[in-house]
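Scrolling down, you'll hit the structures one after another.
Shared between the two complexes below is subunit A, which pairs with subunit B and subunit C, respectively.
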Partner chain A sequence: MSASAIVVGASSSWSRAMLQISPYTFAAIGIAIAIGVSVLGAAWGIFITGSSLIGAAVKAPRITSKNLIRSETKDDHFVHFMPKISVIFCEAVAIYGVIVAIILQTKLENVPSSQIYAPESLRAGYAIFASGIIVGFANLVCGLCVGIIGSSCALSDAQNSSLFVKILVIENLVVHLGCLE
Partner chain B sequence: MYGFEALTFNIHGGYLEAIVRGYRSGLLTAADYNNLCQCETLDDIKMHLTATEYGPYLQNEPSPLHTTTIVEKCTLKLVDEYKHMLCQATEPLSTFLEYITYGHMIDNVVLIVTGTLHERDVQELLEKCHPLGMFDSIATLAVAQNMRELYRLVLVDTPLAPYFSECITSEDLDDMNIEIMRNTLYKAYLEDFYQFCQKLGGATAEIMSDLLAFEADRRAVNISINSIGTELTRDDRKKLYSNFGLLYPYGHEELAVCEDMDQVRGVMEKYPPYQPIFAKLSYGESQTLDKAFYEEEVKRLCLAFEQQLNLLYDFTDDGMVGFVFELQFHYAVFFAYMRLKEQEIRNLMWVSECVAQNQKSRVHDSVVFIF
Partner chain C sequence: MSSTFSGDETAPFFGFLGAAAALVFSCMGAAYGTAKSGVGVASMGVMRPELVMKSIVPVVMAGVLGIYGLIIAVIISTGINPKAKSYYLFDGYAHLSSGLACGLAGLSAGMAIGIVGDAGVRYFSCLIVRLYHCLIY
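Now for the complex of A and B:
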């Protein structure tokens, strides 16, 4: 062990302790954060949107009942489903986190124990940790953002179905693309 | 944390906020009011109202209709909506909703006490009370002879108890004292409500501060105007003004010494937000002043629902990021909705009375359009 410490050039006891932590730990934590935190963000976003959506739907069914009586264009049916798209976007955020976690997990390989503390394996461990954190927290924020926008979208859709929905859907798409990129 | 209310507001308040915004979209619009103003009889009014949100409440009423029935049924709708919201609410929203009704409780208490003083029947008075301000022991108010008894017998169990500390005297109740009692109670209630909203913090505190400050100022002006020429001394008048609002403290000192309408107008014109109201008055009639205040109130209440308040820019240093979302996740929408609905009921009452008395030319004197 001390041989590898000299090889890597560790100077203080803290950095030596850090280097003794198995890279498997970092990788596993990274994968856990990727999936755990992004699902947290998605769920948070869904409840923010969902509670407003249900409350607004108490009044908004009059949009669909107007359709039954006066058979307006198909646009109204399309429009009434718009706020649910926000929930679907949040769901997509969670699924994206799951996909990244699965991809990262396939990168976890079996390394012979003499090689565990080699620089390459340390680097791999840190890399998986970093990507897990990036994906997890980015999805957390994205899920929250989509949730809040979706809640406002649901409320304004209930009031005025023609104007606000298209604008807010575009904004939803922008946020979504931003998080994926 | 200011600015992060959007993250947790919806846990308890999201559903109800969406419900109240749905209710608000059911308020009568200018087109509805135009239809109503062109009605010839009360049955026409009933027919038009049945096509709006008031349908289920009015359609079973037999003709001939009275204006009081129309107003009663519309108030019933407000009460049903309020109760629906109250039973779904958790703390602190439920406390907030209850605060909104304390004003009506105070009005009911004063109504019964005044009516008893003039030897009216208790049952008749109970029917005239506003349903939102009812509480259990309200009928025993008729028994009290002076304020101390009033407090000891009835009011100590109600939410109004803490407001009485300033006005317990042993004097007998008469008209002047009752009015002073009403205003003292209302002052304590407004201050309590203001403190409660400040404790809630965030967007609720800011928007409610603005709305309650307007209410306090408006009451100060009304007290000043109504006590011109009465026996109320200047110190007593000053004691009735609330301790917050735009007019506090310098405006109150000036208002306390006003002896007629023009002096009041002179004082109010120094405050930019109130200048347009008083500029519209030409001969100092108090009726147009009421209407002007109602219009200003409606404007501010609608702002609580949607647009950006410029006042928000003054309060924080770091700019205007995300303020539009602040205006969604707060409790002031509930207060604003209740007030707008009451204004609508006042409008309906005015329109019905004008139609019933065949004075349709005066309809637009007092109707305040909300949309």
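Now for the complex of A and C:
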């Protein structure tokens, strides 16, 4: 512990203080944020989509459709299927956060206590922390975005079940991939 | 132990935080732009479904912002290599500020794309040609 008081480059008091924080702290907080905030984003997205989906399902009977009587049951299945894909995309956001948390957790190694405050270990701790923050908050906004688009998709699908709903779902997929990469 | 190491030990914290800022904020901008434009496309598509394919443009533009953030984050994180080159606090601060610059610019660009795209695709159903060019630029 006294070795870290004579470290290279510790020029000011805050840097000396920060060097005393174990890199395991940063790594653990990063992993927790990766999984926690991702699942928060996925849940938020599912909540936004689901509430609109259930509200639109009340209006499911195809009032403006031409084949009013015959294909009413078929259209009921159709109206519920497409916006459900948005819910599945939100779920995938949560799964992605879990996968990254598991991968980051395997990077935590048992370091001999003389080496915990070595520069390489510190750098590894900061790197895991930053990865966790990136994954967590990117998944948070991705889940929100997919949720909002899915909600508007559900509402417009209830009004006019044309081809364009599939386009909105494809656009959902595009933003999903964009945010996750 | 520290004789072969030169450079500051807390500097990678700021460097990696810069990469994180670049990615997270530009992702926020991309998500905001996509969501707001997508809501406009959905509302417009109820009336005019045939114009939906042309109105995907603001969504694509917003998605590209996330790619910009990713490129900057990768460049920053490959630049943090204390074995190859000593990484001082100067480098750490430089990477932090560049990440923040890219990220916050992407956030504001995404918000602009969202607001303009939402209004543009809603009025796109009325005026076909002129507003389409405004929408792209």
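As a convention for this text, the second predicted complex is superposed on the first by the 155 of 181 C-alpha atoms of A that agree within 3 Å, B and C clash if a C-alpha of one lies under 4 Å from a C-alpha of the other, contacts with A are read in each partner's own complex, and residues count from 1 in each chain.
Just so it is clear, contacts are C-beta pairs under 8 Å (C-beta built on N, C-alpha and C of every residue); 3 or more make two chains touch, one makes a residue touch a chain.
Just so it is clear, the structure is predicted and the values come from calculations on it, not from any experiment.
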Point to revise | subunit A residues touched by each partner, larger count belonging to subunit B or subunit C | key: C
Practice item. Give one of first, second, both or neither to describe whether A:44 is in contact with subunit B, with subunit C, with both, or with none. Key: first
Exercise for review: Once the structures are superposed on A, label A:54 by its partner contacts, choosing first (subunit B), second (subunit C), both or neither.
Suggested key: first
Check your understanding: Does the superposition put A:155 against subunit B (first), subunit C (second), both, or neither?
Key -> both
Review point. Should A:25 be classified as contacting the first partner (subunit B), the second (subunit C), both, or neither?
Key: neither
Exercise for review: Could you tell me if A:144 is touching subunit B, subunit C, both of them or neither one (first, second, both, neither)?
Suggested key: both
**Study point:** Intersection of subunit A interface sets (partners subunit B, subunit C)
**Key:** 144, 148, 152, 155, 159
Revision key, fill the gap. Subunit A partner, complex, touching residues on subunit B are 6-7, 10-11, 14-19, 21-23, 25-26, 325, 328
**Study point:** For the subunit C and subunit A complex, residues of the former touching the latter
**Key:** 1-2, 5-13, 16-17, 19-20, 23-24, 27-28, 30-32, 34-35, 38-39, 41-43, 45-46, 49, 52-53, 56, 59-60, 62-63, 66-67, 70, 73, 77, 80, 82, 88-89
Revision key, fill the gap. Touching subunit C in the complex, subunit A uses residues 3, 7-11, 15, 18-19, 26, 118-120, 122-123, 126-127, 129-130, 133-134, 137-138, 141-142, 144-145, 148-149, 152-153, 155-156, 159-160, 162-165, 167-168, 171-172, 174-175, 178-179, 181
Review point. For subunit A, which residues are in contact with subunit B within the complex?
Key: 44, 47-48, 51-56, 58-60, 144, 148, 151-152, 154-155, 158-159
